[in-house]
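The next part holds the structures, each set out as structure tokens.
Two complexes, one shared chain (subunit A), two partners (subunit B, subunit C).
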Partner chain A sequence: MTDLRDTILDSMRQVALISDCTLVDNIDDDTVLLQSGLDSLGFAMLVAQLEEEFNVDPFSEMELAVYPRTLGEFVSAYQSALQPSE
Partner chain B sequence: MNSLLARIQTYSGPAVITHDGRTISYETLKANATSLRETYRNAATDSDDGLSGSEAITDLAHFVSTLLALESAAEQITFTPASLSYKLPSNVSHSTIATTWFIQTSGTTGNPKKIAHTTSSICSAIQIKPHLSELRWALTYQPYRFAGLQVVLQGLLSGACTIDCLRGDIADKSRQMLNGHVNALSATPSFWRQFLLNEPSHQLAFSRVSLGGEIADQPLLDALVSRYPKAKMFHIYASTEAGVGFAVSDGKAGFPEQWLETGVNGIRLRVKENILWLKPAFPADTVNRNNNDQAVVHTDEDGYINTQDAVSISHQRVFFKGRDNGVINVGGHKVFPEQVESVLLSAEQVALARVYSKPHKILGQIVIADVVLLAPELDEPAGEATSTTLSAKQIQMALMLHCKTHLSRADMPTKINIVPTLPLSDSGKVSRQ
Partner chain C sequence: MERKYPSSHFSLLNHTQLERVLAWRNKPHIRQNMHQQDTIRLQQHLAWFENLTNDPTRVFFVMEQNERPIGVLNFTLKSENPLTLEWGCYLGEDDVWPGSGLLLEIAALEFAFTQTNAERLYAEVLSFNTSVLKLHKLFNYTPLEDGDIISRSGISHTVKRFEYTRIQWLTSKDELLARLPKQIAQAAHNISFENEIEFFKRDAPSPTAKRDNEQDD
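Entry: the complex of A and B
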């Protein structure tokens, strides 16, 4: 769980660097994603990067066009998407 | 206007080399075409409603002799991948008939369209000068498409030799060029990029290099000049819709802004809302219809044709940005995949690039890139980077940063995939579908 969150945070930093965004300090599970410093384009990049990393895009299979609101929800989306294979 | 057959009467020597290495001389070609034409005319005279049919094409020599037989004898010729379909009138005389040519567009960015041409519109860019008869043209485009017909007609009408190099992959085609002692090649920028990676490209001495069908970018033009310093190099802008185009020979991408004032080769040019419009020397309505006489070309009140090619102007130069109907819409921002490809191709690591869209729930579409690297010594997928090689991840990151310095944020690929090869379509272009 911590590993997963760390990987996601690492990727967020990388995407922020590529896309000229500045992440807010002290990102935690309650941080609202769209207030983290990344915009929707940044999140599209993040999801693409993580798909490379984990071989899964949990949002492409979701029926509703709703993205998680907080980082905690974002991490759990990956957690449940990765579960069956572990 | 003389028939095509009449226009090659004085030529002799090799005209066509087929895929299996047979050389067909102008003499044989003319004799075959003449007797084939007689057969068609006799059959048409014997029937009340004229003669409709189609000739299944066996090889390039057969294609050329059939075309020569039908042109000026048939009212219509329709070019399809396997055959030439024709319609001859019954009251056929031995004088020449104005032939309408129906050619399909490649449909890279949309549905293929059937475009009508006259013999003079299809031949409007052909150059005829005595020294051009010494050229040996490699045909790498399908002859039934606009670009391939241009190569076939250029070879034929200038008395040169055309060599069928259509079969196989790039390595096979390169070998066919070597065997045929080719010294002139007209190909897409995508084809040239792959060709330059092949060994035979070092052994061939081109005196003519021409590029068309896609945007010619500066790094590729520079690479061609340094590989073939003695060659005359042209990049050709041609619009199947307009039936014409023009050649740029100064070795620089784009074309001089001055041409918007002066025109070029009798063609008038204008830019409206970043789209290039052009007005051919012949009336636009000669090409402005398909089989059902529906207008397929968008023409303005002054007779200019909408090319659907987006351009930008800087430093007295007009640059092509891409097809207006091929843009990727990222959250309302228009991205030209051609432009992103050209930025990727300017990176030192990249040999080939393809940029396309993927549906995205929030943004509508996102931009994805596939690249083939120049140095194949990339580590195994999960391999560790050493001091001399980079991991795939490091290269992806470097390419992202490269894109960042040359593109606006919304133009940047969301993802860059490193792939072993990129297939070309049968018109020699990178497919973005």
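Entry: the complex of A and C
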């Protein structure tokens, strides 16, 4: 989980740089995504970049009742999508 | 694996959604991007809705993502010659599909230029709202001369003004969508609008012309 979160945070930083966004300081699991400093375009780019990294887009491949509000929920969505199916 | 991109349906605001929209509109991060940033009281909101329902020059949609209300998209007649609509939007919910703001940007252009007779779409953005300024640049809006300067907490901000033309959207839409992250282009196919909206509809007299004629009778 920590490795996954670190990978996602690294990608967020890369996307923020490319998309000219400034991430807020001290991002943690409770950080609300829309208040993280990454904008709508940035999140779309992040999901596309993570799909290249993990070969999965949990927001277009899963039946989600609601989408993640916080970073912790965002990481959990990827964790669930990456779990081997039983 | 089969992809399931979210649906984005735009339905006209109705009474059942008024309190929800008021709660969104009064959120601090939404108020700060508005020209009028005071907290709106319920009575003001109800009066605004009453005026809205009797005004043929305005239309106000609620964006439903997978049938769940998450934001708004609104249009106002700015000028009749050439027919120009001004638009605005915001996301009221935090837990939305990543990239939903892009879908609002696409929906605004799609509605104006495929559902109405508009020749131009006009937008105003406060100069500190960099995320929207970036989106307008990405979509190739034409910047116009800056508008008023407003003051917030002693700091001056410029009203940035933009325009988009019908021909621009119709000729560059596919190319533009292809430049966006691929899931956005896919989800854009799932954008739909409430049927039977008589708002400057293509091949129909403009509502203001109709109203003027009625007044002449």
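What to note about this one:
Quick note on the criterion: the second predicted complex is superposed on the first by the 79 of 86 C-alpha atoms of A that agree within 3 Å, B and C clash if a C-alpha of one lies under 4 Å from a C-alpha of the other, contacts with A are read in each partner's own complex, and residues count from 1 in each chain.
The rule is short, and it goes like this: contacts are C-beta pairs under 8 Å (C-beta built on N, C-alpha and C of every residue); 3 or more make two chains touch, one makes a residue touch a chain.
What you see is a predicted model, and the numbers here were worked out from it, not measured in a lab.
Legend: residue contacts after superposition of the two complexes on their common chain; A:Asp57 is shown touching subunit C, with no touch to subunit B.
Contacts of A:Ala44 after superposition on the shared chain: both subunit B and subunit C are touched. In the superposition on chain A, the chain among subunit B and subunit C reaching more residues of subunit A is C. Look at A:Ser19: by the touch rule set out above, it reaches both subunit B and subunit C. In the overlay built on the shared chain, the residue A:Pro68 is in contact with subunit C alone; subunit B does not reach it.
Overlap of the subunit B and subunit C contact sets on subunit A: residues 19-20, 40-41, 43-45, 48, 51, 59, 67.
Those residues of subunit C that touch subunit A in the complex are listed here as 1-5, 29, 68, 91, 94-102, 130-131, 134-135, 138, 180-184, 186-187.
Residue ranges on subunit A touching subunit C, taken from their complex, read 19-21, 32-35, 39-41, 43-48, 51, 57, 59-63, 66-69, 73. Interface residues of subunit A, counted against subunit B in their complex, comprise 14, 18-20, 40-41, 43-45, 48-49, 51-52, 59, 65, 67.
Put simply, subunit B touches subunit A in their complex at residues 330-331, 360-363, 366, 368, 396-397, 400-401, 404, 409-410, 412, 414-415.
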